[in-house]
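Here you go, one structure.
As written, the chains take the letters A, B and C, and residue 1 is the first residue of each chain.
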Amino acid sequence: MTDENDTAEPPARPQDAASVIRRVEAILLVVDEPQSLVSLATAVGSPVPAVRQAVESLVADYDGETGGPRRGFELREVGGGWRLYVREEHDDLVREYVSGQAPSRLSQAALETLAVIAYKQPITRSQIASIRAVNVDSVVRTLLGRGLITELFADPDTGALNYGTTDALLVNLGINSLDELPPISPLLDDGSTGFDAEIIR
Amino acid sequence: MAPSPEHHEGTPAASAEAPVTAIEDVGDGFRVSLGVFDGPFDLLLQLISQHELDITEVSLSRVTDEFIGYLKDLGPDELDEASEFLVVAATLLDMKVAGLLPQGELVDAEAVALLEARDLLFARLLQYRAFKEVSTWFERSLRREDKRHTRSVKLEDKHRSAVPELVWTLSADDFAALAMMAFAPKEIPLVGVDHLHAPLVSIREQAAVVVTLLRDAGTLNFRDLVSGITQTGLIVARFLSVLELYRHAALSFEQLEPLGELTLRWTASRWSDENLATLGADYDR
Amino acid sequence: MTDENDTAEPPARPQDAASVIRRVEAILLVVDEPQSLVSLATAVGSPVPAVRQAVESLVADYDGETGGPRRGFELREVGGGWRLYVREEHDDLVREYVSGQAPSRLSQAALETLAVIAYKQPITRSQIASIRAVNVDSVVRTLLGRGLITELFADPDTGALNYGTTDALLVNLGINSLDELPPISPLLDDGSTGFDAEIIR
């Protein structure tokens, strides 16, 4: 992500909608991570609103909503950025062909710890442990190793590390931001007297 | 969109208002059988959380006994389920303790404190259940997304030439030093609290000392075991390590009168120092 | 690439032109190397003539000859196979993007990961991750892109790819073979409980 402009002036790009769309497509074809609108805009040399429009029209176009055929791939927004995906209905086909390794599943303990971190971040290990009432060190290590959580900062008083979730988690969940996590307060509604409800989203 | 607990999946009565009559259909997990209640553990928790069952009416020691019996029968494959229960068990035990404390008169500070404590316990229980239930959403989403394929292909050669040439400055020795750093066991960093407390004493280390001394001597008094030690923490750790070793059936002890001489005897027929590695793990937190 | 058919019958696929095209697009999106018509036909479960037709209509489609927009990418036949390429007119855009992405020095994380691979190869990504206690996916991609490591073979049981270092690393280090890597085992002796010391050279 080249946020700073180089001193060298980038070449002027045509700014009509069709050209912007083509350039966005070109970049999407070579990237290997979701690209935010800002980084797409930087890459194609167009203002963010134009790029947003280009992305929106590509999404509709690939979905067959603009008169053309529905494509075998789609443009999805995950983890705060845009990326080309095989359309879900063809995933089996692709898996047979590329014979990927089966990803190893997370244990129940890891899933629950992940849920705690996702909803209560930033959170320290001892805070997680007090909710889970078990030692969570090895589970936290697993989640770190998978890149699903990350160390955020050390508590200024105690020095304890605070953990939070990563964009990779969002990508792995297929969502675009933490706001898309299901609300869990309804689960707490009954009889949650004395509960610190506002901490829970 | 609260995900319903797994136990209720696929049954028509999947809502929180599941009638108690439906309990026969749900759950193949741990069941409890009590005077006032007969059904799966999950439902019990649900009823308690809705205050439909007063916790004091439920014989907690009976739940605990049945629970331990259930855990014993769990195979290694079901460890996850067991660990899931640990939180619940801990909470129940807390409740039991709260329930056993003398209740005193109707309105006094202690009773109020007790009620508050019980509410906190409910809150903890509910919070735990909420995270447990929402974790099924995480699992579903992760599994669904695992199947998705995204474009992730190597750059064409002609574009790869645009990648700036690598600047390499490391010698082989630098590289080896880096490797060592990478291989150094990574402890999750801990905060030093030495300035706040007496230095931490490792029960494991003290157990190693006890094993060495006792295995040589065969029989020792605890007094001998701690002779010359002035640091209280060390003595306590050494005593705890004796208890831990007793748990591992590595030693037996004898005390003829209260506060009298404590005689330790090494009894382990097979003892490997590997046992030390896990010893005292309960105290690790 | 699953060239051999399994004994299990593959699921029947719809054979209308639009479905075949979508499946071909799905496969083309994920492949690195140009695909022959025969291997595309195997992948999508359709006869070669139908796939040839699908490819031809995709070429025309991406070129904007069927009423839709001209795309930022094209489908080209190279060396007897078909692959998606960024349209040539966007090459400078891609080049700028790529050069802005890759710094000329490896990060500390990349260097340490490289060291782990050098001393413990063959090694899978998850094994690297468990030593480094962080997610290494993007770092491994960087090292692969730099040609410092390479995919050696897939684990017969799990299908996980094993990585090893290349001659390019030896050249950079100024040594002739991996045997000349300085030994590091003696220094690991203290506190290396449970460490697989004999694997370390």
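Keep in mind that, in the parts below, a contact is a pair of C-beta atoms (placed from the backbone, for glycine too) under 8 Å apart; a residue touches a chain by one contact, two chains touch by 3 or more.
Because the structure is a prediction, the values reported are computed rather than measured.
Look at the CA centroids: the one farthest from the centroid of chain C belongs to B. When every chain is reduced to the mean of its C-alpha atoms, the one closest to the centre of the whole protein set is A. Taking each chain's centre as the average of its CA atoms, chain B and chain C sit 41 Å apart. Look at where the CA atoms of chain A average out and do the same for chain B: the two points lie 31 Å apart. Work out the mean CA point of chain A and of chain C, and you get 21 Å between them. Annotation for chain B: residues touching 2 or more other chains are 149-153, 155, 159.
Those residues of chain A in touch with two or more other chains are numbered 28-30, 32, 73, 84, 86, 92, 94, 98, 141. Across the interface of their complex, chain C is touched by residues 149-156, 158-160, 162-168, 170-173, 175-176, 178-183, 185-186, 277 of chain B.
Of all residues in chain A, only 1-2, 10-11, 13, 18, 21-30, 32-33, 43-45, 61, 67-73, 84, 86-87, 90, 92-94, 96-102, 104, 141, 144-148, 166, 168 touch chain C in the complex they form. Residue ranges on chain A touching chain B, taken from their complex, read 28-30, 32, 73, 83-86, 88, 91-92, 94-95, 98, 103, 105-109, 111-112, 114-116, 118-119, 125, 129, 131-135, 137, 140-141, 158-161, 171-175, 181-184, 186-188, 190-196, 200. For chain B in complex with chain A, the residues that touch the partner chain are 1-3, 16, 49-51, 80-81, 83-84, 86-87, 90-91, 116, 119-120, 122-124, 126-139, 141-153, 155, 159, 188-189, 191, 284-285.
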